[in-house]
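Here come two complexes built around subunit A, the first alongside subunit B, the second alongside subunit C.
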Partner chain A sequence: MKKHLMLVALVSALALVAASCGGDEEGGETGPTGPTAETGAGVTQGGVVREELTDFGFTGAFDPTGEYLGTAWSWYQQMLIRGLLMYPGVAGEEGNVPVPDLATDLGQVSADGLTVTFTLKDGVMFGPPVDREITSQDIAFAFQRINTESLVAQYGNYYCGTIVGMTCDAKSQDEPIEGIETPDDKTIVFTLERPTGDLLYRLAQPATYAMPPEVAGCFDKAGDYGRFLISSGPYMFMGSEDLDITSCDTMKPIEGWDPDSHMYLVRNPNYDAATDDVRDANFDGWTLTINTNLEDSYNKLLNGELDLLHGAPPAAILQQYLTNPDLQDNFKSEEGDRTWYLTMNLLVPPFDDIHVRKAANFVVDKAAMLQSTGGPSSGLIATTIEPPSVLPDLADYDPYASPNHAGDVEAAKAEMQQSRYDEDGDGVCDDPACDNVLMVNRNYEPWTEYTPILQENFAEIGINLKVRELEVGTSYTTIQTMNNLVPIAANAGWGKDYGSPYGFDFFLFNTAGLSCEGSVNYSNVGITEDVAKECGDNVVDAYNAAVEANGEIPNVDADMEACVATPLGPEYNACWAALDQKLMEEIVPWVPYRWGAANIALGDTVENYTFDQSAGLIAYSKIGVNNGLTIEEVTGTA
Partner chain B sequence: MLRYIVRRLLWVLVTLLLITLITYLIFFVMPPTKPEVNFAGKQPTPELVAEVRRQFGLDKPVIVQYGLFAKRIFLGDEYGWPGLGFSFTTRDALKPIIFDRLLVTLQLAIGAAILWLLVGIPIGILSALRPRSVFDRAAMGFALFGVSTPVFFLGPVLLYIFWFKLGWLPGSGFYSIGQYGFEEWFMHMIMPWSVLALAFAAFYARMTRGNLIEAMGEDYIRTARAKGLSERRVVMKHGLRASLTPIVTILGLDLGALLGGALITETVFNLPGLGAFAVKSVFSGDLYAILDVTLIAAFFITFANLVVDVVYAFLDPRVRYT
Partner chain C sequence: MSQVTDQEVVEATQELGGAEPSSSIIGRTPWQIFWTRFRRDKVALAATGFLVLLAIAAISAPLIADLVGHGPNDLYRETLDEIGLPTVGPSAEFYFGVDTSGRDVFVRTIYGARTSLTVALLATGIAVVLGTILGSLAGFHGRWVDTLISRSMDLVLSLPVLLFSIGIAATCSITAEGCLGGLIEPGVSLVTGIIALFTWPYIGRIVRGQVLTIRNKEFIESARSVGAGSGRILFRDVLPNLAAPIIVYGTLIIPSNILFEAALSFLSVGIPPDTPSWGRMLSDAANGQLYTVAWWMLFFPGMALVLTTLAFNLVGDGLRDALDPRTQVQG
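Showing the complex of A and B:
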């Protein structure tokens, strides 16, 4: 009964949020701001948003089933395709809460929490050349694709093991899933293995969005559908109408999207704004082109040849934006929902001792690190694992506080005194394990700026860091390979998958995140002897030595299980807040030092600037642009 | 001569195979990154990694992988001939991407080469004919500036002055003739050509000057003058022919190397050529793309060597091949 009430409360709470978001199409509580802020109907209709990037950087070739890049998720959701639920495209906590899109509401949950039913809106169509109404089978098909092994659903873990019959190892995308029923074209019913508090978040992820089997079903290898994506949102790839779908063999990639150079979007003629409570879709087209010269892109923006750019600008240009009064309003620094941290390995001396890890948290000068990154425009000083817009309960939590966040050497020494690496009790490590301690880092700014700061900080407690600065991909591969036994690393950062703490924490600290290659639980929280044995003799030796010295390696799997089963709401957040506190105080795998900002630079042509918290990018569905251009003029196809 | 060319072509094939084998070993056997991990997402579970490895063909023994690669090159693959494989990043065939980018690099390299020959050789000749004159000193000053000014400095400076500040020329980017017309294409190529050509023009001017001064002191030049030939004929027919022979060698090698991609110029001016593609591929661990670009660059260099050797026979009567 209690569980039933909690579920009712959850649905009610989300319905209220949805109502408030759905009714306010101008960006929720943040309101419109920016160089030419407009409101409501005042936003210019038409024009083309022109943007550049140095590289697409897709992880799954833009096939929604596998794609794991946050920017891709934003483009899907804000412009291209629609699912049962989505995010409202506003800033702050509200922006991280799902709202209905194709679904009429947030779903009906059964009393036992194991069945969730959604009804689809009428009249939502796929774009050309499919030109038919979206049905519940199109949603079910998206799940069948997630479940198909060869399609490499990169975040299939959110569904497999949660929805009955989903195992992510199906041999064909045509295999139906036991736990997904479509009794009619407008109804879809999910049966769950266990109550799942944040299911709605998972259903707002783009891999679950409607996909037409007659096109997507032609592609059975990872990423192949990306060039043929069929629109259901307000925009589609330019040239979509020319795609010949009479058979799988007649389809040629759509011209408006070339992964080597550009992505051009135009309006989808089948899109009906009456079916959409979230997207305003003010502009007529969007062009994204690759420019390998970042500085050049910013000069184009300043010259009026572009309308917006995402990401951190080169230092000289950033300074212009921060100091020139004419430009200050054109530069936005928003909460990026990303934590940058030092990761410490629980198996490797001297960080196998919790007191050393606590000392590390006290001694690091986070203020200096933030300053060397570019100051407040690059983010906030992190005091715990989850960023505040993901887990607001811990916004004021700082277990290792220091004056001005500049580090507290005395507190650090007090911790070091309690460790077995400080035999004379002077607060400075006097064990050989503290000499030449390997720290992996990236080989470019601002990470290279961190190196001297961290070497100086750690020297205060007797730890001499030997730093290896590597290209970013190599630095990740190095710490992801467990038998490298890297003691400490400064190259790592982690952004949310979605705005629930589960979507942030799970793989970082769960044993599911441990593997010999590609491990993301870099600290080895919860590692067992069996896992260590799989990864090599040196890992077993390190494991045995750590267990002998410190006892069993702490494990938080059970804590996570308990949190996952808690219905969404205050108790859910409290559960995850308690887990984060446990991690920060009883396990201490990280030194979180910065909650990264999302930077956006705008041209004077952009209207109704709104930030989409869920994606960490501009809310494309809300903004307008008053450049008066047509897609033909911009792409040279006039 | 024909037997010589055939023999050299066979050696080109052997060289290319050796180069691909070495590249293969560097990137596939001891890679700095693991593409199957990179392309399994942020949470690369062992199952995902294994599936990606299988789809990329990395689950087979290295020697088998290389054998399949070499076989595809000669016999073609599912995307046609030559079989250049697919991109790990885009999952698309590499052949059209590489050929499109090669066209851009060709336009850049050939345009720049014409420019540096038109500028460098006349400057070198005039300097040689008036050594230690004001013109000679100014020209050699230009040469010193050109050789010592890196593209990554000069490119942004020119962009800033002529595009951003003065607005006389358009900014970066490639605007194909087919899509945007000749004028748009030409205007966008002026700065990349100029920047790339400057260093080469300076070098060619110095080399032409040195060679011509040396040639003009030879006995056969004195003989030509003694026979009453005009100075113009002495310089153009006898002096220049001898002094340009080494220039042809260097031009062939320079062009061959540039066709593998003028990395910095392409990056600064946002030209989608082979050099920029090679860098992107290395950073993303797109192994077949790296191999293909290496293969093409090696082909142009070895082929250019062959062409230079053949041309030598026509330029220098003393050279004969059997």
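Showing the complex of A and C:
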């Protein structure tokens, strides 16, 4: 109980700190505002929120066990399904702090920090056609699915190795987990391998949300459950009541979601608002339609045919929103908890030399890159790895400061002079390694706008970038394949999994993030000879050359382990802040250039606009819409 | 042997003891006949003049850039507003305005001509050589040679061009050296190769058809009867008769290849981003409806593309009219 109180106190303290630090630097909004901002009590009930998207982009076919797309996490949490914990659906630091949902509170932690017990609320039901009360076994089953190898839980690493008995390689989702007990229908007990400071964040992730075994248990391949998702939140897929669950063989995909065209949600008749302290659930329905023509979507929004759109608008339309007084209030730019960066490969010349990497940090004109992305509405200039909304301790930290963030060529040359690639000491690389240095980039704006800026910037210190602009998926697989030995890349960005520094950067710099194909530790921080040997002779050669020239590749695994074991609170943040500074000054794998904003464009029909910081999207659970439409009218099924 | 000139007819007539030709009849070479006809086509002449000027401008691009004072990749970011949109349209400083990187659109349009002409002419040249050789072999030898080459043409024509191009470009883009040990590298050479690869079958088919017709003509039979070998017949008798259709078709295929290059560049396939190209400039202008706030980004490279392809088409038409003996010439 004492531990429980401490956790609550820590979370509350974090929220208070967040609230005090919550003022945005760039005019982002932190409270309920909008074209028709109103208090929650006065929000119109009913109506249908109409939205379009260019592509679903799901990574796990919308099966919560494997789905890794932040947008999907928002839809699960805000509208569709419920778990022990969730995020409150508000802006700022407070929005990144878990709150109880199915659980009556934030759990009770044993004195040794190894056992956490949750009690479930009464009266929370699964939607049609399951129509029964949610029990602790439904939560345990979600963890069994995470633990099942064939279901490919894409962030299973948060649980496997942390909860006793979870290894993520179980052969069946029916296998119970040793470290999860359900002594009765309302109680669930987790036993941990080690104290885990941010466990609450991990338990707020949608893969852990309640799942009915009688339906989800029918699907043992990754992603298959996505089209049969059973609701426990205020909304469900349109047509859920028609799902025949008399056996696994009788189930046909629910009509409300077609991966090629749409997702339609209607109210879940079994939802009881009295069991929910977070969701207001003001509207009656939500339609998301795929439209690959972004300009067309914005034209529809401006014409009143849609109610909202997420993402950055095309430049010409952005200009309208920023300059037309009638539209300015309809465009929102919020802290997106995402860092965009150049990644430099510690194995590949000339970036194997830390002075070259530091020179790169000095020479890049971050202001020009922000301007090319749409200016302040697209985010803030990044000065370190973790965005301030995730790690406020470093809000003023800028180890490579330059006037107006436009780059400091002299400081860059001073660093280059110290590298072994500048033999004549003039601050300009004179080694052949600086000629035709491959840089991978994306092949669409704003990335294509970065190309001339970066080529000009790097030319100042003698690095001639040979840029390859690729389709986004190809650009990622290119830098994720270790034996491609890509020296530098501008295509990558990283958003938080959850609002803890661990959730933000663990895999980016930990050796756990290294793999021959699919590596996310693009810079190869901490790579060893053994890993290099697995990935090819050219990687071994590069590793040996880098080690011979620079010594062992720096490793931060131990630093991360120490931070993970630290309880949440100021010490936890300080630990990660120190690690961030170590990365920026002693290892320098990145040139962070922008903390990306979340852009939302609203129609005049949206009420009680609220931003969900955890998801980086509008808080669907809070907003209302006054278009007076019915789902039948919108979908043409009347 | 095969191209019998007016002069040869006169001489042959004299040798055979024919009547002295009238002094009013002047023998003309095929070139003279062609030029007489072509110069009467004012539109084709004007188009030729445009292309000559364009070629001069393309060759002189660095000189023009020096005169203007702006390089093709120089960034004038002060010409952009806070959200990166160009604020300077056509003006005394920037004749065609600036793009979203603050680069001079006029200078880039001139440099774009280099890319378009280089790729189109090189690709067309390669395609013409390949198509002529393989088409001739297929048509002349027939049998399994014809089957092999014709089916190869069918195979190439059945490939999805854009997907294939994107695939090659992506595959060869993951290392600085390109692929196949640096043999194929993204850039002008790759785009040229791709266009040539997908263009030669069109010429090959035309050449094959022409050869099939010619090889049965009497003068080929005559050559065979006096003991001429296949090689001699092919190169001395058949190929010279293909000159006119090859020139005409080659000229007409150039604008297609310019558009092909523009399409590939529009899709960001192949041409490096720091090499100005009309297709890429159009892609930049179309992105995010930029043309609605910076019309010059679309207009000038678009006009350059339209005028150039139009000019090549007009020249091609003029050449066809001038080289085709069935064309009636006025005056």
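Please note the rule applied: the second predicted complex is superposed on the first by the 608 of 638 C-alpha atoms of A that agree within 3 Å, B and C clash if a C-alpha of one lies under 4 Å from a C-alpha of the other, contacts with A are read in each partner's own complex, and residues count from 1 in each chain.
Basically, contacts are C-beta pairs under 8 Å (C-beta built on N, C-alpha and C of every residue); 3 or more make two chains touch, one makes a residue touch a chain.
Keep in mind that what you see is a predicted model, and the values were worked out from it rather than measured.
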Fit or clash - subunit C, subunit B, common subunit A: fit
Touched partner set for A:295, first subunit B, second subunit C, both or neither: both
Touched partner set for A:318, first subunit B, second subunit C, both or neither: second
Contacts of A:581 with subunit B and subunit C, given as first, second, both or neither: neither
First, second, both or neither for A:448, with subunit B first and subunit C second: second
Subunit B versus subunit C as contact partner of A:456, first or second or both or neither: second
A:474 touches, of subunit B and subunit C: first, second, both or neither? both
Touching partner for A:372 - first (subunit B), second (subunit C), both, neither: second
Touched partner set for A:417, first subunit B, second subunit C, both or neither: neither
First (subunit B), second (subunit C), both or neither touched by A:437: second
Smallest separation in angstrom, by C-alpha atoms, between subunit B and subunit C in the superposition: 6
Interface residues of subunit A shared between complexes with subunit B and subunit C: 295, 471, 474
Sites on subunit A touched by subunit C in the complex: 294-295, 313-319, 322, 368, 371-377, 436-438, 440, 443-446, 448-449, 451-453, 455-456, 466-471, 474, 478, 481, 484-486
Of all residues in subunit A, those that touch subunit B in their complex: 55, 57-61, 66, 68, 149-150, 152, 154-155, 157, 168-169, 221-224, 226-227, 253, 259-261, 289-293, 295-296, 299-300, 302-303, 305, 471, 473-474, 476-477, 480, 497, 507, 512-513, 515-518, 520, 636-637
Residues on subunit B engaged by subunit A in the complex (per definition of touch): 32-34, 37-49, 51-52, 55, 87, 89-92, 97, 100-101, 156, 159-160, 163-164, 171-173, 175, 179-180, 184, 266-270, 272, 276-277, 280, 283-285
Parts of subunit C lying in touch with subunit A, wherever the complex brings them together: 73, 75, 77, 80, 82-85, 100-101, 103, 166, 170, 173-176, 186, 268, 272-274, 284, 287-290, 292-293
